[in-house]
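First subunit A sits with subunit B, and in the next complex the same chain sits with subunit C.
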Partner chain A sequence: MSKQFSRRDFLKLAGVGAATTAILTGCGPASRLVRREPYLQMPEYTYNGLSTYYATTCRECAAGCGLVVRTSQGRAIKAEGNANNPLNLGKTCARGQATLQGLYNPNRVRGAIKHKRGDRLYDTAADPFNDEFPDAASNMDWDAATQVVAESLKNNKPEEIAFLMGMAPDHLFDLATDLANATGITAPVRFGALSMFESRATLNKAAQNLFGQSGLPFFDVGGAQVVFSFGANFLETWLSPVSYTRGFSALREGKTKLRGTFVQFEARMSSTAGKADEWVALRPGTEAMVALAIGRLAAESLGITTPKVFADVDPMDAASKSGIKLETLEHLAQMFANSNGALAIPGGAALGQSNGLAVAEAVLALNALAGNFGKPGGVFFSALAPNQTAYQQPASAQEMADFVQKMIDGKIKVLFVHGVNPVFELPAALNFMGATKSVSQIISFATFPDETAVEADYIFPDHHGLESWGYQRVATGSKESVLSGAQPVVTPFYDTRATADVLIAAAQLAGGKFASALPFKDEVEFLQSKIAPLMSESNGFFEAADINTFAAFFQQYGGWWKTIDGRNVPNGANALNRSISAAESKFAGDGKFFLVPFVSPTLAEAGANKPWLQELPDPTTTVMWNTWVEINPATADEMGLADNDVVQITSDAGVLELPVYRYPAIRPDTIAIPFGQGHTAYGRYAEKRGANPTDLIGQNYNEAGDLAFAGMKVKVEKTGRKQALSRLESLMGVYGVGLGEEH
Partner chain B sequence: MIKRIFDWLKQPLGLIAVGIAFLALFSFAAYGISLTQTSPAQPIQFPHKTHVGLGIQCLYCHPGAAKGPSAGIPAQAKCWACHNQIQKTLDSQQPDTQFPLLKPLVASVKSQSRLQWVPVAQVPDFVQFNHRAHIAAGQNCENCHGDMSKQTVAENPQVFNMGFCLNCHKKVAGENHDLLVKLTDCATCHY
Partner chain C sequence: MIRPEEIKLSADQSGKWGMVIDQDICTGCQACVAACAMENNISFVGEADSGYGRSMHWIRIERFWEGEYPEIKMTPNQPMLCQQCGSATCEPVCPAFATVHSQAEQLNVQVYNRCVGTRYCANNCPYQVRSFNWRDYKRPEPLPNQFNPDVTVRRRGIMEKCTFCIQRIHKAQDKAKSEAREVLDGEFTTACAQACPADAIVFGRVDDPESLVSQLAHRNHGVKHLEELGTLPNVTYFKGG
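Let's turn to the complex of A and B:
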């Protein structure tokens, strides 16, 4: 306060102002200027002012979390987790919350389109809230669309027809599989960038090698005392992040047991590593060696004979090659050995290397040493979903490369694409884009005008997930066997049509074996035929005598699950009795830096068209709306790089230009780039924003056929240009930038 | 500088100036607020008395009153279910129609556009009013909304303020002390 204007005067004036405001506004309604629109046709179960809640399943990733969506007057207004669903118990991640922005996205495909390949599907400058908005508008009706699908089924040899599908939804995959099995069409192929970055195939193969059984391992983080994670970013996007986050919170809470300890081994501190007690920044490629060395030291610390699997590794050598001090390795080994609940998790970038399979096996062998198979806090095989007899593994990158080769060889004449965006998600080196030229007809069922839809001849848009029927099998994350059910929470906004309905109608139209393969009236009848067998299964969450009642419960509760633990115990008898190579992985390219591409924890593979997610700061760097490259400040100083300096990154496979983020929590010999941006289509919020790191990834695979996406060495050169990154953190407050005291 | 202004304001002339300025501000604000409290025009001068006269129950068009907080406005499909069988309605499309009130209804049904009604009975946002409890307690619509058989566009027979609510709550509770406590508790309506 100044000398002339005292605090007392200020308070007096403020008091008078507040009192005047209170008197003038009174206690009436804020405004009488209110209009209310009634329904044109009100559903009988709806009442004005009362919300209606629907249980459904989240489609933002393939984990299969249950949602309960609040709707009012026929509009979805909030998505929350379904507390009944054993997988997520009422929680969601940020992407689940943002699913509404997919529903209301201004750049959705609004009807069936015949399209010239490469033509733009929308105009970013047009006003999306104008009803006359012409973008991605329909130019054909659904009868004609069904006719197109029917003819492509009928007029081609079955083996020349292929389905490329996403990781969700499962019911559509089942429908396509049934169609393929009955008619000789090539079995549908499933793929997703998340499964590629999760290295699912490697995990599955390692489990098969060690335990002699195929399946997706389940790691009971919540019940453990000490958790060692080798690259598994399970608090971000890995496998089933909501469920693993809940497990992590149980690990930490320490109410019923001691607070658990968590150690993360990776070259770049991810936001998962940011939650760890210790972050071990090992040199990329030495994960197998380090895991084996810890195993050997732990066995020595326990005073038992060194198991065969750990016998060949030299801890001194491992320490010097990985850049971790021997004392640190010894201390970690003792921590692991002396805990009565140790758990080791392999995943992510650690497996995405040329020796990824050895890494996965070595880390699983640590669990064998801890003897935690089938025990609380240990390793299990995930429960198979109710209507499933074996774990369905998505295609590995190697299998996708084979698929692309089939396209190039002209063995695929008609390609149906649903739920996946291969032009964006597959590394450019696999040349999916080039292969499309050898396919005479591409039909996309995309809800959004994505890069693959731009390359399609027809776009027959599916409803958004919140407008759709369906189910999703929970592949991992819950003890129980879970089938998560989906139902429409709103009537479709646009002239879209369920892909299952299109395929059923087209099969009927095509007649013959196609019609008898899908003898259903519509999608709902198909779904009921798939869930009907569950009525006779025991230990269900609910029971019903007839299918209509059962289906009604299925909708009401958001799926069906068992009430008993359905996980299997791996047979680890021989896990310690084999040899695993401790050799370092091989890196493609002769650059100076290891490249670690990681999935953006906020955007993942398909979140870039949702402004909430774009605006959500990255948990470690707080950068929004863009892609950056993380470089250690020491390295950056050597190269004369400041924040926001654009650098050129060159690998064997490609070149990218990106602004620098000086990130202290990364090894000086490593750089990291988030995956999720760099779209050339996919709507106004995603397009022309950032860059796609898969452009840098070459065709290198590990023994399990997964992409060795973290197995590249790249060159980094300064360009002299600058591009400002928008970020939440204050450069001045955190780093003293602009105060003359940068630190 | 500020001290000089304050000194000047304390003189008689200054005080008068402050008074005038305050009055001007007050009137302007009062006018602005009265504007917000004036309802816009209804899309149709809806004749409630005609409908009530035909023996249609309130809850037929406003079933939400018995089910939840809001009585609701009928969906156009409900209007049309009866009106499409009424010759007057169909005739209203003639240029020399005697029934101009029906024109907007037909137009909106045909174009599938929504009529934008203006709510008449409103309470402030900090009041949690629920119709259902009142209907369940045996109150009739006219106790609050007046006799609709005599009104065209609904009008409030009284101001819906706290005194109105409490008068009735006290009367209903009578000598029943427990009920009186419940019905006059702040949190019954303000939560």
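Let's turn to the complex of A and C:
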């Protein structure tokens, strides 16, 4: 790593092996940051009007899609998918597209701040769209910040120090894990609202029970002929939506086969179910029973002995309890049995119930009946990422509750929070907010002024993902084993600092075992130490003899991946030879309505502060900028509810008031609320907008420890007030409607 | 009714760009809408104005309902954008010649600095795909750092609409010209097509029978919206099923 090496020389060198690609390595080992210059003063490597492209990794969710960002004079202009990355093959979702509105968001944490808990991190304004809105000023320098981190590491018992981290980025998680392993600090805990609503723990546990192996199942939608999905919203936010959408496209296009059929089982038609050929609106809580009944009927239709797993269920009973006609069940079972490429997917709200584990097992057992393990269009175990030896599961809601209890018991003195916003994302019933009072020091590394940062004593902001180094392991979605690489595409806009650099510097300052745990000069050196072992692995997308060249290629191509199929075949030998309970799930509360909270397909967990994501119409309701409650029109008529009437929704755990959207594709006994809004901080576009349905969710878990978020029954009452929802439908070019006032 | 193959391709129609949208695989995920807004410096308008129908989506996903619960179906998602009509109804009504037909690209172009904001064109567009800048929508610092330098930033009183990413067309043409060749099929694409995770949108030259978009557009089940109006749209839809 020579200091004399100029950036231009480096780029020349990096270009030798890859003259055909236009993507540049952002920063060689010699120059680690891209500079942003005024348009009048051009950096030597840019030409007027010509763009420079950098490969990096999207941080809007944890899937790890590769991006190529177009920059012009040091400004990021447009994010596109990285066509080389096997996970997303050049494609992005809406949230990936809007990542630049995070980078250039007018409300970010602009520097290190010593902060009084509860104080606002930006000013208030009467008109958030037009008034000036200054962010809180930095009141300490980074040397002092590093000192604070070093002292909290040094002056506390290791077991009283805890890291709470988000699902991305993985390199920082690895760094914190290394630090914890070497010093006795509690192992970092990872959590994200998406993983909670995906019910990842349940999926993993079911796979473990059926196949005797831990891992995240991969469903090859693209190769299948008939797909039955029980609640999995795989075209929206589930696990890896871009890759699953590509699979769906292949299912439908049927280039090498017939057009595939897709059936979705859920009480509320999600935008995934909207694409289904058949939507089966079963009664919430009967998913396991229905899956088992279909298995039994399918086995009968095939003329084979009913496998043990399906033997105990009575299809007549299942039909009457689920509200599905027996003929429908028979027709679906025949469709499943007679296809030579049937696939069943469990996910989402179907697993977020008290019997979620039984649902997941029952649906996976259908795949055993179809015999699709390891075949095209079947079930696999996702390939482990390159520098990974076992599947890493994020904390389930139950484990988060245990974590909160540790905080309340005073077992955690110092809490470091990065990449997650537990005050907003965890249900209020888990009382994370109350537990913060028992933690003497909270240090947040938040990029944005979110609710958890507001409760912190110090905020030492990390760069935005597009200003950051790093890598993300692709947990599922690609055949190949993929490590997506991240590099800064622009100079950090504010006086932020990479959390990895802060931790490395603080560990050095703390000395002793801390210093020897992280013996690196900076984040880049740490990253190189983590990717260096890949040089000796075979079947790589590229090879290099020395680490500098390897790291340059890693940046240039946006990561490293294998060129062979790395998925494992589940062992389904015993999957049919066990019993699964067909009992209905239990619901908390005595209200009349089943509550289905779902993740907003456009906002997800962290999109609310990006104005264009707010202005994207919800794919099913077309509502923008707010939260609504979906009620079947027949039910609404009974209750005398029109669109925009505000209702009060009461559960065991809380109360919410929301305007009604009369949604024609939901069961009359069910209501649904999107998750993503309801912020009390997080910048001008997110704050004071909509409501957070997790306020209604109580502390109920399934056997795998996942939150039974879809296991509530709630009361709905009319308030008599109205709140107009802004929506795209029926308003195009129509005057005199809308918010009801002249503009 | 005019079928695509009956449209005679004369010399002055060379360079004709078109699009094919497969509604059967469109998932309505809104990636195209976001991509379009990011590429083309489109303003967001906020909750009140968007509720009033003033949001500025150059492309929107339409979905309709068929039937009633429980026999209800969502119609295939329908991305709706400027159809770049060969005989556009918006063009003859503009008193300022701001919306004109480009001979070079065979596109329906909007000349922002001619537009005086009469909104006649939007009233006359059967597809309702034009959006009007009712205000100077504020984009606070540092959001303007994201502006695409290839696309004009519009201000209040200007009509705007999908351009088929004409800045990308020109860039590709300039590059091809400097390399003394024709633009290759698939060499570049529009922002919406590039983002689409389902590959439901295909863009290219419809006057080149070898291009992917031509091949698709001449499949039998392609339809053009409101073609009975004689607008000769350049976007072909597959209804799916």
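Keep in mind that, in the parts below, the second predicted complex is superposed on the first by the 676 of 743 C-alpha atoms of A that agree within 3 Å, B and C clash if a C-alpha of one lies under 4 Å from a C-alpha of the other, contacts with A are read in each partner's own complex, and residues count from 1 in each chain.
In the analysis below, contacts are C-beta pairs under 8 Å (C-beta built on N, C-alpha and C of every residue); 3 or more make two chains touch, one makes a residue touch a chain.
Remember, it's a predicted structure, so these values are computed and weren't measured experimentally.
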item	value
Touching partner for A:Ala544 - first (subunit B), second (subunit C), both, neither	neither
Partner chain in contact with A:Thr92 - subunit B first, subunit C second, else both or neither	second
First (subunit B), second (subunit C), both or neither touched by A:Met639	neither
Partner chain(s) touched by A:Leu50 [first = subunit B, second = subunit C, both, neither]	first
Comparing the two partners subunit B and subunit C, which touches a greater set of residues in subunit A	C
Subunit B versus subunit C as contact partner of A:Leu326, first or second or both or neither	neither
Partner chain in contact with A:Pro617 - subunit B first, subunit C second, else both or neither	second
Partner chain in contact with A:Val524 - subunit B first, subunit C second, else both or neither	neither
Doubly contacted subunit A residues - partners subunit C and subunit B	49
Residues of subunit A touching subunit B in the complex	2, 4-5, 9, 20, 24-42, 47-50
Residue numbers on subunit C that touch subunit A, as the complex places them	22, 24-25, 27-31, 33-35, 37-39, 44-55, 57, 60-61, 63, 65, 68-70, 72-74, 77, 122, 128, 134, 138, 140-149, 191, 194-200, 240
Partner subunit A, residues of subunit B touching it in the complex	1-3, 6, 26, 29-30, 33, 36-40, 63-64, 67-78, 112, 114-119, 122-125, 161-162
Sites on subunit A touched by subunit C in the complex	49, 72, 75-81, 88, 90-98, 100-101, 103-106, 129-130, 133, 235-236, 241-242, 245-246, 248-249, 252-253, 259, 269, 271-272, 274-275, 279, 281, 493, 601-602, 611-617, 619-620, 622, 624-626, 632-634, 664-668, 689, 724-728, 731-735, 737-739, 743
